[in-house]
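Look at the two complexes coming up: chain A is in both, with chain B in one and chain C in the other.
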Partner chain A sequence: MRNGALFAEIDAANFEGFLKQLYVMLDCKYPKFFKMDTLSKLAFMGAELLLSEISENSSEHKRTALVFSNRSSSLETDRKHQEAISSHGEQYPSPAVFVYTLPNIGVGEVAIRHKLQTENAFFVFETFEPEFLQKYTVSLLNENKCDQVLCGWVEVDGNERHGFFYVVGRNGKWKHSAATIKNFFEHD
Partner chain B sequence: MKTPVYISHPGLVTPLGLGVQQNFTEITNGNIAIQKHSRTDIAKEPFYAAMVSEAAINEAFKSHGAISEYTKLEKMMLLSALETLDNSEVKISDKTLLIVATTKGNIDVLDKDSAFNSERAYLPNLAKTLGDFLGVTATPVVISNACVSGILAVAVAKRLISSGGYDNALILSGDLVSRFTLSGFQSFQAISDLPCKPYSKYRNGITLGEAASSVFVSTIKPTQFAVQVLGDGSCNDANHISGPSRTGEGLFKSVQDAMKEAKIDAHEVDFISAHGTATIYNDEMEAIAFNRAALHGSLLHSLKGIFGHTLGASGLLETVIALEMMKQELILPSTGFDTLGVSKPLAIVETIKHQPINILLKTASGFGGCNTAVVFKKVS
Partner chain C sequence: MSSLQQELKESIIEALNLEEFTAADIDNDDALFGDGLGLDSIDALELIVLLDKDYGIKLTDPEESKAIFQSVNVLAAYIEANRTK
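Now for the complex of A and B:
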């Protein structure tokens, strides 16, 4: 879904396959994508879908803050690293896995892709927290730390895979309230 | 006119002891928290790290709760919180924001030998356990932004309070030394073979540490000793996920943003509590960023040579020590430093100095390209 409308219907065997097809569909041409863990790929594709709509040379784009959140941090990748160190010499921990045992790495991937030397933070909540996110986003805009904010919920844990992204600016189609965000989150 | 926001009521639990005073006394006596440990549950070979004694934690915690019901990290964070809440002029209300800042939380429970359920590894569960114990009713928020988590929490709290979203914030930060983190940094070949030596010529990596610290951030100006949070910035390098920018871009921008908001010039910064992890690239990056920001004349230290790198806890732990330095008008040296090993000049403190700090700059940097800078000012 994008902007309330169905953007693409993808039939994939698994979530990784879904993200890969989206990557092909958007013609990303960014081989580093394939080194990322699922959480980072999800963050990356969310940013691709929304930031591609905004001119790269605009001040809004250059001053886009990144505010991401989820419930399970990087636990999916944490378990992979734990498995490698628990297998008594059969497997060695890999730096390529270990680096993704932080939830904010996906935010870093988005920053690198879109050249955003900007404000960024990663929050972890029991459930999606539109009120908190609304307040924090407004504080960033009010203190002129940025010109727009890309907010993302990126949850990857067991069978749960959920990405929800929106951009908050000084002007826009919808009023930036906790109720609006909640409504989109529940109906996307 | 923005509402002034203050940082107050520090709490601290480290291998050097419980409480800010105990830690400060140990440091001024020249003691460090890093030791050689033989712990086969964490690594096959002996390693240097700054580790808290669980027996000492249990002894201190047993009068507050059942020691077997809480993980080591939870007990450390709660003991720190109790120091913050003790005699605090700031009171917990339904408009108190509880921020838990951690990189890996209870990650050690993923180990099959852990006495705790692996569900404890979910960071919201850690936050809920802490909030329930302390009687905070509002939903807690976890900040997990690699090694800037602890200081980013101060910036986030200040932003939310000055914009009227909350009355005050109780920040608890903590991280452990675990097989998980040690093996990971070893796989990066980032662990020093001796206690780490920030900014030194022969530095060769980090030493891990564990600690918990806590503060209140609020609009209430403490009567005795008040420090205001004047400005902050938290900018990404947009360069590499596991290495810092060679030009110090994100740190430079974070410092510029913080100083601009604080309306101060570089020459007004009396002291920098820097990150200084003692990796080749991090310390060099900091030297470049501080020089670009014309901060090379400001006195500076890294506390990693004392407490090791306590990951997400480090930013707040080092802020708490710096607040005590402001109070006592005493500057602690950069332990482990010998010969300058970065390409740009830095005014590294080599011995204890008795002089006031009016304006403090705290910085941190971490994986994912994150950086945070916060400017503090003594106002009484």
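Now for the complex of A and C:
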């Protein structure tokens, strides 16, 4: 879904396949995507869907802050790395897996892709926190740290895969309140 | 040697998740880093792991790694001369 409308219907065997098909559909041309873990791929595709609507040369695009959050941090990749380092057989720890054992790496991937040298943060909450996110986002805008904020909830752990993204600007279509954010999140 | 080069290309593509490449896209003399395949420092670490895992070669000197990872041809020659498995 994008902006309340069905954006694409993808029939994939698993979530990785879904993200790959979306990557192909959006013609991203960014081979590093394939090296990312699932959490970073989700963050990356969410940013592609929303930031591609805003001209790359505009000040809004260049001055986009990133505020992401989730519940499980990078736990899925952490487990993968732990399995490798605790096995005594032929399994070797992978440097490419290890570099994704922090949740904010996905934010970094988005910043690199869109050449953003702006504020960014990644929060780990027990549950989605619209009140906190609303206040934090407003403070970034009020302190003129940015012209817009891309917010994202990127949850990846076990069977749970959930991406929810929105952009907050100074002249948005909807009132930026915790209630609005919560409403969109719950109806996502 | 040519089968080792083919094997290396396939291993590199798999280990480094180069999904947009096939073995046929990689010339034996293509630069692996920089303008060639565009590999980065994490890829270099993965290649070091690959040499240890598949060929029993342990690299500890970064300067040596730089020379060995020039191309598939150079890498294959090094493996032939130093492999323990």
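The criterion applied here is as follows: the second predicted complex is superposed on the first by the 187 of 188 C-alpha atoms of A that agree within 3 Å, B and C clash if a C-alpha of one lies under 4 Å from a C-alpha of the other, contacts with A are read in each partner's own complex, and residues count from 1 in each chain.
Convention: contacts are C-beta pairs under 8 Å (C-beta built on N, C-alpha and C of every residue); 3 or more make two chains touch, one makes a residue touch a chain.
What you see is a predicted model; the values in this text were computed from it and never measured.
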Joint occupancy of chain A by chain B and chain C, clash or fit: fit
Per-residue touch tally on chain A - higher for chain B or for chain C: B
First, second, both or neither for A:99, with chain B first and chain C second: both
First, second, both or neither for A:135, with chain B first and chain C second: first
First (chain B), second (chain C), both or neither touched by A:34: second
First, second, both or neither for A:86, with chain B first and chain C second: first
Vertex chain A; arms to chain B and chain C (CA centroids, nearest 10 degrees): 80
Contacts of A:125 with chain B and chain C, given as first, second, both or neither: first
Touching partner for A:73 - first (chain B), second (chain C), both, neither: first
After superposition on chain A, the shortest CA separation from chain B to chain C (Å): 7
Chain B/chain C common contact set on chain A: 92-95, 99
Of all residues in chain B, those that touch chain A in their complex: 103-105, 107, 110-112, 121-124, 127-128, 139, 141-146, 152, 156, 159-160, 162-163, 165-166, 179-180, 183-188, 233-242, 249-250, 253, 257, 261, 366-370
Chain C residues within the chain A interface of the complex: 16-20, 38, 42-43, 45-46, 49, 52-53
Chain A residues within the chain B interface of the complex: 66, 71-73, 75, 78-79, 81-82, 85-86, 92-95, 98-99, 101-105, 107-109, 111-112, 114-126, 129, 132, 135-136, 138-140, 142-143, 145
Touching residues on chain A, where the partner in the complex is chain C: 31, 34-35, 90, 92-96, 99
